[in-house]
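Presented sequentially are two complexes of chain A, the first with chain B as partner and the second with chain C.
Entry: the complex of A and B
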């Protein structure tokens, strides 16, 4: 699972008002290279919760992203490359996602998070 | 015995390891899935600016439909409830991210971030109650509501569905409308039993010009028979008026070959060296009705 997806996912357990961002517990991280596409990154920047992305990338062991970002920084190729790497190329292969409000754990196996809820959580 | 898989077992049970592998090794299914997802992508009508979009594939299965999305350059996130299907998707190295989830429990995605959603042959599964806690209406409701939330304003969602009957189609569409979607059903090839395909085309937001339902394929008779290789039933109609006529009279309106044809044939025969009568004003002339 890429951090792009992690940034979109939130916990949808019944009664949880703020299920974002899911906390990551890492067991294994994989890097897969993806084609660099600045247009897509610029398009996504407005939709990404940047703060959550920075935190997630640090947990995954990538500390290059600056603490704060502004749309004007998208002009810099250096920033775009880092942003691209954090967003698209870091995969959480094995680990756990934890709901920030209830502490419910969603296991991630072979890169696929199991977001199935129990009967009483729907 | 019914041929509808959703009546046999719940999706996560029906698509077990064996069925998932069967599904993905059948070249026929692969072709159909590719066609359906291409058409769904077309109906999604994404702006043609070359910028990749972030799409959802709901019920992505083994990633067959996602392949079409990847080919057109988009990034996608796929949801499916069957672990076996997702395993096959991993083996096939699907480019999108896969999530094991139940769409009837709602999609846990942040609001307003997704540029479009497709779903191929999946939504009708929601109409079944497979567990005691399942209530199809509630599941449809939470699915459409969560989808509406996560789509950006003006984004579209296209679902290819096989509703079992009219009531089921109305049920699905009704819950989509209640969640706030505008749009309707596009039926491709409505006259054909085999090729008939239904797409729910939904737009996020109130009805407007851009949310007008696109035109279906094959609504007029000609285009329906166009690329059809194995003869379609509905085009081989028997003309009833002909059937009641006596046999002799039926032949009357058969095309008579004209003078030109006769002259050409005679010329051919002459070149072969046969004895052929001369061409005169009587050649190929029509006889009087009575003589």
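Entry: the complex of A and C
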């Protein structure tokens, strides 16, 4: 699961209002190279939750992204490459996603998060 | 990539070896899948460089087609762990980078407007009534640009009405009618193979939701 996907996932338990972002507990991170696509990245920058991405990337062991980012920084190749690496190339292979409100744990195995709910959570 | 080439690659994918009838698991044939994604990209520009989600991805055929046509990020969603295993293997075989999430589409909560296009071959609702429209409504909430979906031609007016009235589609268009060949998969299937008429739909979500 790459961080672009993590940036879309929210806790889907009934009654939860603050289910995003899911907290990451790492067991295994894998890095996979992806072609650098500046136009795509600029497009994504406008849509993602940047703060959630920075926090997640730090937990995954990558500390290069600045705390705060402005659209003007997209002109910098250096920033764009760091953004690319954090968003697209870091994969949580094994670990857990934790609901920030209830503490409910969603396992991630072989890169696939299991968001299935129990009957009482629906 | 040419259509024939796409169809060939999709034809080589592994399919369900133990299909679950209650989930209406049927493979999306390479003929239908290739035409669906090829049209989505060539006529509408909805695939290359986009973020694409495959709802009820099963063995991954539609998502993989999107990845082959240059989608930048593809996520396949399914409720069944076994299918996701097969889908992962299929993606690996073709050296494609595809994400998967195991979940029930009815209680998916997706943040933001990151997904551009949803592609799907949803259950037709023969096992669990209304399953097809559940899928459609969620897809229209999640996609920011377009939803491509297959539904039986016999349900055409019902689909159009539900999409526009209940699922907040701003438009619903049948792109073309296809013959979907259903192989003899389940014990209750009497014929060796049957083909049913399906419509390939393109829905556009309402912008302010």
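Here is the rule we go by: the second predicted complex is superposed on the first by the 122 of 122 C-alpha atoms of A that agree within 3 Å, B and C clash if a C-alpha of one lies under 4 Å from a C-alpha of the other, contacts with A are read in each partner's own complex, and residues count from 1 in each chain.
The rule is simple: a contact is a pair of C-beta atoms (placed from the backbone, for glycine too) under 8 Å apart; a residue touches a chain by one contact, two chains touch by 3 or more.
Please read all numbers here as calculations on a predicted model, not as lab measurements.
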Partners on chain A (chain B, chain C) - clash or fit: clash
Chain B versus chain C as contact partner of A:26, first or second or both or neither: neither
Partner chain in contact with A:98 - chain B first, chain C second, else both or neither: neither
Partner chain(s) touched by A:12 [first = chain B, second = chain C, both, neither]: both
First, second, both or neither for A:73, with chain B first and chain C second: neither
Contacts of A:59 with chain B and chain C, given as first, second, both or neither: neither
Partner chain(s) touched by A:1 [first = chain B, second = chain C, both, neither]: both
First, second, both or neither for A:47, with chain B first and chain C second: both
Partner chain in contact with A:119 - chain B first, chain C second, else both or neither: first
Set of chain A residues, in rising order, touched by both chain B and chain C: 1-2, 4-5, 7-12, 19-20, 37, 39-40, 44, 47, 49, 110-117, 122
In the complex, chain B residues that touch chain A: 50-54, 75, 77, 81, 83, 86-87, 90, 97-102, 105-110, 112-114, 131, 133, 142, 146, 150, 152
Interface residues, chain C side, partner chain A - complex: 49, 51, 72-73, 75, 79, 81, 84, 88, 97, 99-104, 107-115
Contact footprint of chain C on chain A as seen in their complex: 1-2, 4-5, 7-12, 19-21, 32, 34, 37, 39-40, 44, 47-49, 88, 110-117, 122
For the chain A and chain B complex, residues of the former touching the latter: 1-2, 4-5, 7-12, 19-20, 37, 39-40, 43-44, 47, 49, 110-117, 119, 122
